[in-house]
Amino acid sequence: MQKKTNKKSRKKLNTIPGTPIYTGDKDTDPIIITHIEYNKSCFQENVYKNLEKYKKNSSSTSVSWLNIDGIYDLKVIEDVNQHYNIHPLVLEDILNVSQRPKFEDFKDYMFIVLKMFQYEPETFKIYTEQVSVLLFENNVVTFQEKEGDVFDPIRDRIRNVKGRISTQKADYLAYSLIDAIVDNYYIILENIGEKIEEVEEEVFSNPTRKTVEKIHYLKQEIIQLRKSIWPIRDIANGLIKSDSPLLESSIKPFLQDLYDHTIELMDIIESYRDMTTSLMDMYLSNISNKMNEIMKVLTMMSTLFIPLTFMAGIYGMNFKYMPELEWRYGYPLLLSIMMTIAIGMFFYFKRKKWL
Amino acid sequence: MQKKTNKKSRKKLNTIPGTPIYTGDKDTDPIIITHIEYNKSCFQENVYKNLEKYKKNSSSTSVSWLNIDGIYDLKVIEDVNQHYNIHPLVLEDILNVSQRPKFEDFKDYMFIVLKMFQYEPETFKIYTEQVSVLLFENNVVTFQEKEGDVFDPIRDRIRNVKGRISTQKADYLAYSLIDAIVDNYYIILENIGEKIEEVEEEVFSNPTRKTVEKIHYLKQEIIQLRKSIWPIRDIANGLIKSDSPLLESSIKPFLQDLYDHTIELMDIIESYRDMTTSLMDMYLSNISNKMNEIMKVLTMMSTLFIPLTFMAGIYGMNFKYMPELEWRYGYPLLLSIMMTIAIGMFFYFKRKKWL
Amino acid sequence: MQKKTNKKSRKKLNTIPGTPIYTGDKDTDPIIITHIEYNKSCFQENVYKNLEKYKKNSSSTSVSWLNIDGIYDLKVIEDVNQHYNIHPLVLEDILNVSQRPKFEDFKDYMFIVLKMFQYEPETFKIYTEQVSVLLFENNVVTFQEKEGDVFDPIRDRIRNVKGRISTQKADYLAYSLIDAIVDNYYIILENIGEKIEEVEEEVFSNPTRKTVEKIHYLKQEIIQLRKSIWPIRDIANGLIKSDSPLLESSIKPFLQDLYDHTIELMDIIESYRDMTTSLMDMYLSNISNKMNEIMKVLTMMSTLFIPLTFMAGIYGMNFKYMPELEWRYGYPLLLSIMMTIAIGMFFYFKRKKWL
Amino acid sequence: MQKKTNKKSRKKLNTIPGTPIYTGDKDTDPIIITHIEYNKSCFQENVYKNLEKYKKNSSSTSVSWLNIDGIYDLKVIEDVNQHYNIHPLVLEDILNVSQRPKFEDFKDYMFIVLKMFQYEPETFKIYTEQVSVLLFENNVVTFQEKEGDVFDPIRDRIRNVKGRISTQKADYLAYSLIDAIVDNYYIILENIGEKIEEVEEEVFSNPTRKTVEKIHYLKQEIIQLRKSIWPIRDIANGLIKSDSPLLESSIKPFLQDLYDHTIELMDIIESYRDMTTSLMDMYLSNISNKMNEIMKVLTMMSTLFIPLTFMAGIYGMNFKYMPELEWRYGYPLLLSIMMTIAIGMFFYFKRKKWL
Amino acid sequence: MQKKTNKKSRKKLNTIPGTPIYTGDKDTDPIIITHIEYNKSCFQENVYKNLEKYKKNSSSTSVSWLNIDGIYDLKVIEDVNQHYNIHPLVLEDILNVSQRPKFEDFKDYMFIVLKMFQYEPETFKIYTEQVSVLLFENNVVTFQEKEGDVFDPIRDRIRNVKGRISTQKADYLAYSLIDAIVDNYYIILENIGEKIEEVEEEVFSNPTRKTVEKIHYLKQEIIQLRKSIWPIRDIANGLIKSDSPLLESSIKPFLQDLYDHTIELMDIIESYRDMTTSLMDMYLSNISNKMNEIMKVLTMMSTLFIPLTFMAGIYGMNFKYMPELEWRYGYPLLLSIMMTIAIGMFFYFKRKKWL
């Protein structure tokens, strides 16, 4: 994420503000433009290669959703501009894939940027994709970096002309899209939560150097998620507080629900942060405990045998006159003394609770 | 708790917002619907299997409390909807057992979600149950995940037609229910407090690896409690600030009292957090102290005997010409020297405060 | 403190809100009711066993102060209620000795709860006592858990009919009582400050396991004090912001002074918190330093003697053909080599700054 | 940076407030004054040695940008004062190169102080330069400590009379300059981000004493950057909130964009802070891990050989009567016993997971 | 500082609020009262022993500055009270040398308390002195604990009837005094900054036990400075927000400048806090590194020589039948084996990166 942010700045240095420049990775996949138009009774879906044939919907009886997968083609963006007359800074933000999630209320339209996460179970990685939503009176335009999103359930509902969505205006469609993205965060957080439990297990049973790396990467992921989710609070709040005619009053409870969800998400993330910090403490204390255990073994062995070895060394000396060496029972006596010392040591360790 | 949150998201992905879906564990116990109706002078209590015979109370002279234990049956929820005409998002929140505690003021009714804790002394575990409260003008409807709650003292008062409660409106009943749940948190916190004192004792007297795990789990529990109790502040505040006609002015001091209690609960939780952090520090310092003690023993033994063993080694060599070996008093002389060194070491350790 | 909080909750579970129940320890001492009435020119003091003979002062020319030591007798509380007509929640708060400090403005009277600390020099312990203050137009009523308080200087002034206090209204008396309690906190904090300096001394000179326990208990005490003092800020602020006719405008600078004192107290407490944290760091680093010192001695001894002992071991072997053993100067040569190695080691340690 | 701050204070002590005194390093380079005047259709650029020939632009059809590189010459500052009639405190702030970034709105002009960073790839260092911007109705005056800045792209656009900038007023020019500085921070942060990744790599693979120094310096750099970037939030906010006629309404979306960028920069810096803290934890745990590994080797060697050496020592004693020495198979028997003990130890270590 | 705070409380316990009692150290130096009166054209300076001859200046054409060094004489304070009619709480605050810095706006005058620091280079200590400033319409009265302050540059300007100060009113004089005190903090912070760099140097090159004590004392100093500087923010803010006629509108930019300086001071202090925390981490990691280094030496020596010593011990045994002892080349063979083992160990250590 940082990398992209930086790429942006490098390219942007030579530009004036408001110049739309794509900052993501160039895709070789073709841009896919999907246009869905629906109302209470009917439904129509088209896929375009470019926007030339597309006309802006100004009928108040149906809702139009234009989705553009792939934003590396300036031509398409300019066509959108021509159709909808958008502020150049908005175009720039759409193309800048490291844009912070935000909400802006222009009089004729609203502009919302969000991050959509995709967890790929095969690679165990989380991928980020930027989704920009433009809400007009009867139109919603969405921009995604590439194909594949979390909007399929919404499409199904529209296609089947069933449920609340078909009877509602464009504001409800926009809300549904945002809600789908936010709901998807729960899955990502579930994934993080499972990883935390896994690492917790590892910390308790068999902590290794790999464990601390895992905790470190978990922390990094949580920091990244936090950066993406935190601003959504402001977006939801901005939508609730907005008195724009684009939002009907019936949408407000839904927006409040969205706001509650982001608060809940932040609660979960904060508790994950606390948990990883606690795990790190656990890990460090476990290492110290292990060290203590190792040191105990070393100290016991040394404390036991060093004096005995010294005594053996004494009677290994070659002095001419060492009367003990001549004693008949010198050797068994010494062995008994050594045994006594060893037993004494044993009880000393017992008292010290080293055994 | 995380797990449930995640389950929810998975199921919900295929749904549009406002679709009520139960996210808790399916219970085989039957749903129990209890209806209590009372006023200053009389009291009536019925148990239903379903809501068909039940009629919404619209008389202004008595208060009606409908309690539903078990929320996994969509049929009942739909009946409630039919009786009371509730927003679909409210139904969704009632069924979503991982809902964050919250308060929402619809014009005709108020909606409050809370977490009720139950400490089971046998298993030493804390169980969470979601309680949803709907407050209408003369009706209170509560939803619980299963049978068993903290409302028995309230039921007793109503049955005995004694105390303030019988003379008050539905708002006072709703307040009493919330107050009972909040009061119950003190018992849970007392439990945590006792566990903290126990672990403190352990840290001071005999810290083991188990101790650090206990501290870790205490921290986890405190994080979970914090997540459940913190939002109640906003609920109490929302109720106090509300100018809804559903709340009479005489209820305000009670709500203020409720608010004070949540502040106090948060104070206690925060001090518990600080205490567990301090315990962890204590534990780590105690491990280090133990290590130091072990190292001291090792070092003393080694420092004492290593030079002596070396000297014994010298006179254990087999050189042809070692004049000392021939001395008449070589052996006792060496023993005296060794004794002197040992005594010197002893005083060195004394000075270093290792003894 | 936690314990009491919990006792409360247990008892309260079976009660409806607003039921006054004493939550402190039952005292066998009798309740002492002191009534002081004074104005510019005269002064009167009575001690009652019960409140029957007492009449509420409604004259605007004199101030009446009713002090009740011992709050375990419900009868007295009910009498107060009868005399002053207080909200049941206030009575409940007076009796609940784990009540968080708070301020509430009822129209006819104000209610303030505070914690009074008493440091007992003999036992080195800090005792907490709850003081509740009720301010009416010409009456002040105070409740204490037991005899003994910090109000004697105020009583002296009133008795001597000297100083500002005799010329002022009840609001000034109430302020003076709060101010006396807050001023007393400085002594408690001085005590903590001296303990911190003592422990600091100990950490620098001779840190032991006892030291870390002392730091731990200091932290606990600071956490408890913080919980008691922090809410006073809100109390002072509430009094300043209040536009109640009970408070004359001339009292405002004094309340502002009170507010400044609580801010200063919080500053001191926060700096104490930082200091104890810093002391813990110091302690841990000192333990590590000690460990290093011990390890250095062990390593020096081992590094010096292990190779020499090995060499002695070589020439203690009994091989038939070991030419060195036959050399005339083998023994002194080996001793010289050993000496050389020892000197080399010495300079190596010097270079490593271990000596 | 601290150093400069302090120099300032020393010099300033003998002065009254509002006395302009240069606090940076004296440069031997001459002051360079560049004057650019432009409008929709034409463009003019002059370089002066002093300001005598320069006249303030009061025509409303063209925008004038006066840039002064080198602020150590009081004469020039006084000339600017004479031309524009600036408050003495503004002059003082311009010359004080350790001024905190700030925005002040005087009625006739606005004053903005910013920090411009320059990363020198050869020395791997970040250099700070103070840039002061004065915005008048048709004039922008900028002061820099020395030649070389991040404004070249802006100059190019003006020279080429292309893009939005030529058609806009002085407020857009001032915005463009601030935006260029803020955009440049991304490059600096990219640099820090790369260093963090580098150190992370080092912490995982081969942490040395140098690593911890690098983390320390990274932390210092982040603290410094934070101090410079944090106030820009207030600047952007102040500009947005300002209702000065100097700012046209069309500039507001651009200022909002600037504000969003500073929020994003702060997000990045905060996540860098978290990362370096996490790296330090990682480093410390890795050191502990290394220590454990070392201790394991030592303990294994000692535990293995100390008892064996003791046994060899026993049979190296010179007692007259040691029957085992006479046994025919005493020697191989002892060797077998030793081997058995060694194998036993091996399995003991295996079970302890030390191998 | 704590000590003084506590002394205060003890003495104050027997007093009613508003009783002026000096809480500092009694000085034997006489009180020095300096009176400076000046306007645009003339200047007059007198030194009094007491205030009897002094008359309050009520002329609107000249500014009067009364400075009192030494506040232990209640007589003088009472004279000031008689001259200026000040609230008793103000007198109490002036005498209480542990007063928290604060600003209070009485209608006829303003009251400001500040801390003045003096760094004594000989003793390397920072001394605190309380300065109280009273601002009337044409009078400024200042109280200091003893002779010696940071106001000499201001006196010089007034004496020389030069600069802005002579042409301004009393509010500008009061501002100048506050500004002089705040500017002086930069020098104190420079001093702290230099100490931090010194300790940083020490931590990197040769950390000892003294180093950690230095870090501890630096932290303490920063905590104390923080406590003194933080409230000045509120003072500056209060002055800016004040609509008192005592402050002319022309003073507002200067007050804003003062506010900016306190923000900058807080920034510096916060970054110092972060730096000392980082230094402590550095120190701890360096101790751990040193320990590792020591352990490595010990482990290498032990690992190398313990097996070799064992082998020598084997062939030092006195068994009758040890065939190897009889071998012609037994001794050189064993030496070769030992050499091989030693070389093997060497490469093992190399691989482990211990060498």
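Order as written gives the chain letters A, B, C, D and E; numbering starts at 1 within each chain.
Quick note on the criterion: contacts are C-beta pairs under 8 Å (C-beta built on N, C-alpha and C of every residue); 3 or more make two chains touch, one makes a residue touch a chain.
The structure displayed is predicted, hence computed values, not measured ones.
The chains that touch chain B as well as chain C do not exist here; no chain meets both. To fit its Cα atoms onto chain E, chain A must turn through 145 degrees, a value rounded to the nearest 5.
A separation of 42 Å divides the Cα centre of chain A from that of chain C.
Inter-chain centre distance (chain D to chain E, centres taken as mean C-alpha positions): 26 Å.
Multi-chain contact residues, meaning those touching two or more other chains, occur in chain B at positions 284, 288, 291, 295, 298, 302, 306, 309, 313, 316-318, 322.
Here the chains make one closed ring, and walking it from chain C through chain E gives C, E, D, A, B. By the touch criterion stated above, chain A contacts chain D in their complex at residues 2-3, 5-6, 8-10, 12-19, 87-89, 93, 100, 102, 104, 206, 209, 212-213, 216, 219-220, 223-224, 227, 280, 283-284, 287-288, 290-291, 294-295, 297-298, 301-302, 305-306, 308-309, 312-313, 315-318, 322, 324-331, 334. Those residues of chain C lying in contact with chain E across their complex are 150, 153-154, 157, 163-165, 175-176, 179-180, 183-187, 189-190, 193, 204, 253-254, 256-257, 260, 263-264, 267-268, 271, 274-275, 278-279, 281-282, 284-286, 288-289, 291-292, 295-296, 298-299, 302-303, 306-307, 309-310, 313-314, 316-322, 353-354.
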